[in-house]
Each structure stands twice: as C-alpha cells, then as structure tokens.
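In this document, chain identifiers A, B and C correspond to the written order of the chains, with residue numbering beginning at 1 in each.
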Amino acid sequence: MTDVVATNETILVVGGGISGMTAALEAAETGKQVVLLEKNPALGGRTSQLYRYFPKMCHPTCGLEINLRRLKANPRVRVLTQAEVTGITGSAGDYTATVKLAPRYVNENCTACGACADAVKTEVDNPFNYNLGKMKAAYIPSAMAYPQRYVLHPSIIGTADAEAAKAACKYGAIDLDQKEETIEIKAGAVVWATGWQPYDAAKIQPYGYGRYKNVITSVEFERLADPHGPTGGRILRPSDGKEAKNIAFIQCAGSRDENHLRHCSRICCMASLKQTHYVREQHPEDGKSTIYYIDIRAIDRFEDFYQKVQADPSVTFVKSKVARISEDENGNPVCWGVNTEGYKRYSNPHDLVVLAVGMEPSVKGVAIPANVVFDSSGFIEADPANGGVFGAGCASNALDVNRAVQSATAAALRAIQVVNKVARAEV
Amino acid sequence: MSANQEMAAKYKNSFLKEVEDQVEMGEWVKMCMQCGVCSGSCPTNFHPGWEHPPQEIFMMIRAGKREEVLTSPSMWMCTSCYNCIVRCPRKLPITHIMHGLANYAHRLGVAPKNQPTRAFSTLFWSNAIATGRVNELKLSMGLYFKDAEGKINIGEGIKKGLAMKDVALGLLKARRLNPFEIFGGHKCKDQKGIAAMLKKARELEDKRKALPQSGASR
Amino acid sequence: MAEEKKFAAYICKGCGLGERLDADKLAGIAQKEGKMQVVRQHDFLCNADGVAMIKNDVANEGVTHIMIAACSRRAKTEAFYFPNNAVARANLREGVIWIRPDTEEARETTQDMAEDYVRMGCAEVKAMTAPGGNVNTGSNRTLLVVGGGLTGMTAALEASKTGYPVVLVEKSGALGGWAARLWKRIPVHEPFKAPADTGVADMVAQIAADPNIKVYLNSTIAKTDGAPGRFVVQIATESGAVSTEDIGSIIQATGFELYDANKLPHLGYGKSPNVVDQAGLEALAKAANGGPILRPSDGKPVQSVAFVQCAGQRDASGEHLPYCSGYCCNTSIKQAMYFKDSNPAIDTTVIYTDLRTPGNGEDFYRSAQEKGVIFTKGKVATVAPNGGSCMVNFHDLILDDQNAQIEADLVVLATGQVPNSGVNIDMSAEEKADEAAAEAAAAEATASGAEPVQFSKKVSVLNLTYRQGPDIPQFKYGFTDSHFICFPYETRRTGIYTAGPVRRPMDMVQAREDATGAALKAIQALENAQLGRAAHPRSGDLSFPKVRLEGCTQCKRCTVECPFGAIDEDEKRFPLFNESRCRRCGTCMGACPVRVISFENYSVDTVGSQIKAVDIPDEFSEKPRILILACENDAYPALDMAAMKRNEYSAFVRVVPVRCLGSVNTIWITDALNAGYDGVMLMGCKHGEDYQCHFVKGSELGRYRLSKVGDTLKNMNLETDRVKDLEVAITDIDNLPRIINEYAQQIVDMGMSPFKGF
C-alpha cells in the first residue's frame, strides 16, 4: 500500500465523494496521474447515502456506478481509502503530503464473499445509515462499496471475534497485524474535495433532536427511504416503528442563522421538496407533508420542481421558521410557531419531523491545507494565496450535486494547469 | 395629500427612519427577514393582546404604518423573557425593540391608555422615582384600587385585597411586608442625588432623540 | 495484436463456487462446447497466483481471448484487468450461487444456470476482438470558443493557461458581453458586503496580451464541419471575408438576452421611461459613474426606487418565463446598494416572493439590510406611471394587504435570462408551423405599413454540417443544459460543450466556474479524440462502430437515431461514421435492420451468440428459459446488489448485459423466440421527461423499436407477454427479484414455447 508512485506532476485529490471522484476522473481522463484519497473505507461520499436526487428523482448510485466504472477502467487513478492528510508542505508544483492510513485489517485478497461477517458476532453502529441501524463488525460499507472489500471494525481487534473472522476467511484476506501507517505523497497540485457534514442538529436546542426520537435529520430520512437502508426503504418512525404518514419538513435547520450557520446551504429546500415525493410514493392516499420555510430557494430550472410540489394537494407550505418542537403523549412531535403570512399561530402534531439540516464544510477548522484562505463559513475561497491547492465541491461552497461536479471539473483544470507548468519546465 | 398618495407614502421609509432615530435599538428593525421565530417562541403569544407579533410590527414599521404601530397594545405584552432574542437567526434584540417602541409610544402619548402593562409601568415608575425605592405596599394598593378603565374603585380594591389576604398574612409573618410603609415608608439615602440623576438622564435622552415636529414627514 | 486467436477459459472455485457447482463439468463444457483451447480451474482465481496463471498463459501460451467464469464483471476488476485482451466474464457468483438457495433440490437448476453462463461466456469471447482504437481521427489541439462575454473570455484564458491555443469568436465589436455593461458585480470574496469591480477590463487586456488566443470580432460561425480533433470551422467576418480554422474542440458560450420587458406592459415597461429592466439600471449607474443616479424622465436624482423581482419569471401561466433565473435577487440587492452607497436617504424597496441568495449571498442580503434596503414579501400586480413617478401596486403577503402601494421615482424590473442557443433542432412540426405563421404575420403587418411587428427568427450559432441539424440539441426552455445531475457538461454533440447562461441561468461566479470546467472537458475531448478514445460515459473505450457498407440498404435509421449525431450521410447516401463523435452506446447497431454495424467488443454477434449458446431444454422438461437483456449500468448492478443481499430469483433466467437498451437489436429477440426461449425480459432505464438513460435517447429509442416486437410475436403465434419491457432503476434490489419470479411464474402458467427443438 505504501508504494504509491507519485511525482510533482501528480494531482492529489483529497476526498472520494462525488466532487473528488469527478476531479480525479476528469484529470485522469485528460491523461494526468492522480492519487485519490478517501477517509472512509469506500468511495462515494455523502451522495451515495442519498436515495434519490432532485429534480429528476433518479438514483445517486446510478451516477456512482458510472463513475466507478470509469475508475475501474482508468489505470491513471490510484485510490487510497482510510487515508487522511495530516500535513502538506511545499508550494505549487512541489507539494509533499503526509498521509495517515488507518488499518482495514483486510487485504486485497478479499473477495467480498462475506464469510467473515457470518463468523463475527459483534454488532456496531452503521455509519452509512447515520447509525440508524447496526451492522456486523466485519462489514462491507455499502452495496456499492469500492473497493469492494470487507473491513474489520477496530473495536473487535484483539478479541475472539477478530480471530473468528480470520479463521472464517479461506483466502488469507484478514490481516490482524495491520498497523496505522504514515506515508508521504508527492504532488504538483492538490484538489481539496472533502465535502460537507450535516450541521449538528442537537445544537438547535428547541427542536429537540436527540431528545425526541421522532425528530430526525434530512440525511437520516434519506436512509429511511432507501431500500438499502435500515428499514428496507419503508418510512418508519424511530420511536415505535409506526409508519410515518404525516411528516413535517423544517427548513433552515441551522442555515441562515447567525446562532448556527451564517450561510444558506442552498440544497435543503430542494431536498425537502424531493422528500415530499417519498411520502407520496409510499402513501399515495393519505401521505401528508408540511414544509415550514422562510424562502423556498428553488433556483433556476428547479422552479419547475417546486411548482409541481406546490400543485400537490398532499403538501402544505407554511411560511414560518418553526420556533420549537414538543412531544405529545403519543410520541408525536408537535411543531409550534407562527405563520408569518398573515400571522397565524399553529401547534401541529406530526408523525415525524425532518430537519433540513444545513451544510457545514468538512474542511472547517481543519488546519490543512496550511495557507489556504477560508471564508467566514469555513469554505475554501478561491485565492491566489492558495497556490496549487484548489477547493472543489462543497469544500468550496454550499453546492448541489450538479454545481459540485462543475466546481470539481473546474478545479481539475486548475490543477492540470499547475502540473502542466511543471511538465513544461522539466522538458 | 390624496388618499392615493397617502397610501403610497406608507411604504416610504420615513417611519422606519423615525424608529431608527427615536427607538432604542430601532436600527435593528430593518434586519428582520420575516421568519417568525420570535412570535413562535414567545411564551405569551397565545394572548389576544398580541394584536401584532414582533415580526409583523417590524414589517408594519417598514410599511410606514405609524399610527397602527404606535397605538398598538402588542409591544406592551412583552414579558422580557428573552426567548425571541436567543432564537432570532438575525440576532435582533427583539425584547429591547419592543420596550423601545412602547416607551416611544408612551413618550408621544399615543400608547393605548389603559393597557395594563403601561398602567403598571407608569405606576411603578412614579412610585420608584418618588423616593428612589419602590414602595411595594403603595404599589399594590395603587393597583388594587383601580378598575379596568383606570378609575379609582374602592369596592374593587377591597375585593382584590381580600382575595390576596392569605398571601399578605404570609408576607407579614415572614416580615416581608410592613403595614407602616403606607405612611411614607423607606427612602433611599440621597434623595437629591437620585433626583439629579434622573434629571440628567432625561436631559440626555431628550438631547439624543429630539421629538419630531409632526408624525410621519420630516 | 497477434492475428492468431487463442481462447482460454478460467473457472474459479472460490467463494463457494467449488462447493455449490460441479467445476469439472463446467470445465468440460468450456472445452467441448465452448471450444476453449486452454481450460483451467483455480481455487482462488482473483488472488495473485490465479492472476499470474492467466498472465503466464497470455505471455507464454499465446492466449489472446480470456473467459473468466467467476464473479460479476463488476467485481475484482483490478485483478482481472487485461486491457490488451478480449475478456468475457461468466457471472457464476452474483448471477448464480448467490441468487439460488443452497438446497439439494435447487442443485440441478443452479448447475444448469452456471453451465449456460459458461457457454455464453465462451460464445461471447469468441465473437469479440480486443479493440485497438483508431488514432487517425484527427489531432488538432486548438479550442474554438464561440462568444466573447465573461464565460467565453474565461474559457479562452483558462484553456490558454493550460497550454492550448484558442480561437475566440465574438459577434459584436468588442469583448465583454453583458458583464462589460455592468457598473459593478456581485462580490465573490469575503466579506460579501459591497458590489465589486467587474474585472472585465482586466480580462480583455489579458486576452489582448495573450499570443495564444486569436480573437475574431464582428464575426460569426458560418460553418462547422468535422468531428472532435478535426473540426474545420469557417468564420464569417463583418467585411464578408471568411476565415477557416482547424479546431480540436468547441465551447459554445453564447450567453443570453434579457427577457423582453416589452412583454410586461402591466409592469409599466414602455409606459414610463422610469420603468427599466436590470440592464437599464446598469446603464443609468454607469452614466452616473458613482454620482447620484438620475431619473430618465427628467434627469432629477432618484429619491426612491422599487425593485420588482421575478418580473416575467417563475410564471406558471405559460405566458412568460416559467423558470427562475437565479441571479436576479443578488443583482437587485447589488443595484439597491448603488443607491444606498451614494445616498443612504434614498428609499429602496425590493419586492419579492422568495428571496434567493444561496451560500454567501446571505451575507450580501444582510449587508443590504444593514444599508437600509427594505425587503417586502409581496406580489406585484401592476406598475402605473403617476406623474413623474410610478405607483407599484402589490399584495403585501406578510401584512396580507391586497392593495398595498409604493410610489417610486424609478422601478426596476428583474427580468430573467433567455439563452442564445441558436436553432432548436428538435422542434416539432407543430412548433415549426407556429413559428412560420408568426413570421408570415409579422412580414404581412410590416408590409401593410401598419406598426412593424418584431419577429426574430432563430439563427444558428454553430452551423454544424451534421445530418441531425446545425446546433446543439436544446434541453428545456431553450437552454442547452445537460439533463444529467452527475455529469453536467455532457451535451449530445461530442467535443462541443456549452458554458455559461446559454446552458442554465446563472450569475458571473457560476459562469466563470462553468467556463473553466467546460475548458477542461473540451481539452479532454480533443486529447481523447487523437488517441481514438471514447468520451463520456464510456470514456477510454477504444472500440468504435464498424460498418459493412456492402450490406447497407441506406435506410437511414442509424443516422436518424444516433443520440449524438455522430453519423452523417455521404454523397452516395451511405452512413458516414464520425467515430470521434461516437459515444459507443450501440444505438446504431440496435437500429440497423440488416445488422451491418458492430463494435469489436460488442456486436450483434457477441450477444446473439450468447443467446444461441444457451441450452434449451425440451418442452416437457418443466424448465422454461427466460432471456433477460439488462442495461449494464442500472439493471445489471441492481441484479448484482440483489445477489449481495442474497435475494433469490428464478433459475430459469439467463441474463445478458447490454450497453444500453438502445443497442438491442430486435433480431436478438426474434432469435431467442425462435430458439425456444419462453420469455424475454428487457430491462432498461427510465425514459421520458426525467429519463435516466446515459445515452439520453437510447432507452427511448430501444423501447420504440421493441414496441414493434408485438408484430413478430403475432406472426409467430406467440402470446404478447412472451416479451416484457421493464423500466428498472439501480435501487430495485428487492423489486427486481420479485418481478423476475412473478414473470417466471407467469411463463410457467402460460406454458412452454412451442418453438423448442427447431
């Protein structure tokens, strides 16, 4: 794993979500050498955890399949998973990144046959499902996982379970002696595409996330709707497993709020509009969605989508930032607030409340890349001071998938400009 | 002014400017984005006295509805719980703006006359500045012996007093209530100093906020 | 590559295959029926030892064609990476043992299934050749950028910076486009508080100083001929002279026009000089040059201004633009600041329904509020001139006042962007007739001396000589956007990318980002064209369509159907394949009634021979056979993932992945039915408005073609349900096994096909 051949004509892409994969593939398909790093054990990132995309209602895994096929066919991209950059030194055209590789405890012999998972008894939270369900401590991160290889959860290392996994593997794929490694990778340019994380909803105290089981986040809701998710795609509420039919969507849960995130996260309105489709899809007769909003930001062509949802009688729009949520005796979350279009107070019980949580750049607060300029929300700003480090996707702004891919493609070109300059200098 | 022009004048920013100049924290009014979390968070928002909730008042100010805003009993409903301030995504000091507006309406003499909070505040203020200390006995007596219209009503005062007699006895026992306070009562030490302080404060306030000649147009 | 072919089959016994299946029997079948010259079994084929064994056979035994009977073609791709060989994969793991119960009674049918997949794998690899790629398709490295606005200038500069020469064509007399007409722009840097310099002058200067960028002003594209890597473009200059440039790839950055505010008389446009659109305001601001902005009617400084958002936009009535242009909220905020920054006493009100300032736009919005710009949520009904000023009548949605009014010296209408996308080549006959009628009416009115009626007929931008039309197919509302969320740059004209507001309504920040990305795609296209490699989504594919012209009947189906306009017609009306335009979807191959089009690694034969290789048990066996032709991008992975979940499905099916439903030639279905298959399932992506086909039209065209299969069935006296067309998504991991099982049951109930054994 340590023999990554990289030179100062290599482009280092940090983050293996849709932006990072795009930047890596676009650069590689233009003939450049790329090293793609991903922190998790599999590529795909946050979009791979979505059930559908707005506005087409198509499936993110479909695009992921294409990107993975591009990757499998392209020898110019070297993928390292469970890899985190801990430092970058040098300047444009001549960087050295220090990369920490966490042990997988499973080597490339793994055939993904699943015998280790059958042998292991311990169950751990499943992060792919935002911990809404459990998985075996020997696991394949998701059905679309690439590399398609199992992982042993570090918590079982040194236990009998790990030994059981090792004994079950006929192919010598389990290596319990793997240790964390640190390697150095040369690169001419760096594309920083570490994406975003959902804003910590527990910080929005009046909404009771963490206190009330039936208050969940929009990203968790995606897992409930997905056939690969913890409920096999049925929208069941966490408290009692009851089918949720009357669902509230609360916009700007964290975003546009000086107490939380200053910026507008752009995608949340559309995500909620999309999620009303899930409700109707499962309960065409009696599904009900209520969207509480400040402004519906269905920008450009997405307006069509908004208009279609507006025309749907099962969806109600309330111009209001919900003030607080309580829980009634049946475990129903109750939204309290005032509809500001004409001052109407409400206290509406719902089966389930979905918080359209804002987007926080994962790069926020990370000390690397060292000299990079950030804006007040923690996104990477385009700035000459960044040298050969380029922000891409949601590391650079609150973007939807389409714009993230555009941004990543642009970042790939900027990186190519740097390495081409190196190449010209060397001739 | 034709009716039309008068109507149109409403959305001119003159009243907003007046509020910005005259009302404590009034310069924040323009920052509201109409999310409504303030009125939703208000623990008294169920009360019919909230004719217009805060975000609506802000919009009315921007729409130039001077008369309706200043004569509204709404801002007098605020109990200073500060929930709205804590939750406002734009960090508007809503509680202070409510008080500022109430105070301004009061200064202009257009606040609703018998609004209970206003009546209480007036009573409290005159009670407090008289000696530099609040005389609780006089304050509660003053409240008991007034009816809803603000007129003195002996019968009602006795009725209210009797209803509260157990509390009063308890306070007496705990030596928290001294019936002799009715005669003058405690005073603070430097009476003159207090008066001078209040005078100076008034002067400063008047200097900062010269009252406009007439309502809307400046 | 050696002409001598040598075929080898490798049977893996790992992952339970050895226990569940009789590997010796499979090996025997590969040898005898599959005619494989080398047949080897391995306990663990994908490990270093197994792979070394294959590599050794290639190096020392002269093996050229490899058939791997192991896991799915989607698994273990690094291990089984043999780019110089023809490779077929028989999917025994996900396709057989993982979807079958491990029981004694299922053993026989499971083995049958595996044997068939081995037969199919052998048949496929025998019909394949490793694609060599054609490197003689042109190697020009110059980019053509059409449009010299902000997007075009950005694309040109970025491409030049990457080391590629650029030809930049602008129809007007100066570079800069709309951006040059702005006084200031929306800020792009922290603290996002004040309008910023447009930067246009600097860009124009950079282009002038760049010897790598050749600029044509007052020029248009007279003709675009060729394909990526070898475009020949004629540029018509104002003087009438025509220059010819050799071009590798093209970026169309033709921008937008503002929606014609004359169509908004109810908003006062045309009735008062004091009602302007956003461009009108920029002109006023430029004229003011930082001083007070003057009212057009009398030249007095504006004291009050109202901005009407979504003027003629987000219109559900069908009369105006249905979409949101996305940039106008920030633009109005910026323009309101022009007033507030010069004189804070000016009343500025923005009337909006949803204020749309994503990302850091929120800071810009807050900054405007701090400066005293008033935002009112309302719907404007009318704007009426009122003496020197204007009366804006609106419904205040917060105060629920239907009759709210604002009097303003100046009213700015935020009209949206209308793309300059050229001719709509997909216009329906009805739309064409409407356009012709409008043109005639306008001509008549003008001729009769009445008020001249404006009619602007769409003029082609690129003047492509392509058989399918002179411009890029439009997507929606005239925008040339891609339909794809994951792949926003993909147009249906290979090597021609669109960028900026011609693609989607956008602001300057996005346009610059878009232009930079488009520059990469254009560079990538010309680089790949010269190596004979396909563009997205089969990027890197070296195969390309080969046609046996002697068999061609000139039916034109291929030239009409190709979703990417890759095929023209030569002077003898034969199809002319421009392979660097080709995306390798195989739609032409599916369309060809005489089956003369094929790819080296994918052809009527590679699939047809698999279909024929399946052993069809006789009528009395109670073992029906169902052929599944599954889109390799969605249906096939869905089947794989169903298998990973160990969802079981019928052992009667035999699955063949296809590049796209569009590549399915009806001969496959006819052959299958004639061979005695009892049913055929076609699994393709969703088509229609929200189509999910990666070749855009492939699944739609395929379905249309297959809708005619009914006739074949009728002729054969077969039930129509013998062929089933399914729309399958990649997430159908639970649905698909259920649907397959239901269909298998339906076939059993229907009875066996009478065509067995012929």
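In this section, a residue touches a chain if its C-beta (ideal position, glycine included) is under 8 Å from a C-beta of that chain, and two chains touch if they have at least 3 such contacts.
This is a predicted model, so every value here is computed, not measured.
For the criterion of most C-beta pairs in contact, the winning chain pair is A-C.
Centrality by Cα centroid goes to chain A. We define each chain's centre as the mean of its Cα atoms; on that basis chain B and chain C are separated by 63 Å.
If you average the Cα atoms of chain A and of chain C, the two centres end up 24 Å apart.
Centre-to-centre, using mean CA coordinates, chain A is 50 Å away from chain B.
For chain B, the set of residues touching two or more other chains reads 33-34, 55-56, 90. Multi-chain contact residues of chain A (touching two or more other chains): 256, 319, 340. Across the assembly, chain C contributes residues 355, 377, 398-399 that each touch 2 or more other chains. On the chain B side of its complex with chain A, the touching residues are 33-37, 39-41, 45-46, 52-53, 55-56, 86-87, 89-91. Of all the residues in chain C, the ones that touch chain A in their complex are 14-16, 44, 46-47, 71, 75-78, 81, 83, 158, 161-163, 188-192, 314, 316, 322-326, 354-363, 377, 397-400, 476-477, 479, 481, 483-489, 504-506, 510, 513-514, 516-517, 519-521, 523-524, 527-528, 536-537, 539-541, 633-634, 637, 641, 644-645, 685-686, 690, 692, 694, 729-734.
Touching chain B in their complex are the following residues of chain A: 206, 252, 256-260, 294, 319-324, 336-340, 343, 345. Contact residues of chain B toward chain C in the complex are 4-5, 7-13, 16, 30-31, 33-34, 55-56, 59-60, 62-63, 65, 90.
By the touch criterion stated above, chain C contacts chain B in their complex at residues 304, 347, 349, 355, 365-366, 369-370, 372-377, 391, 396, 398-399, 401, 403-407.
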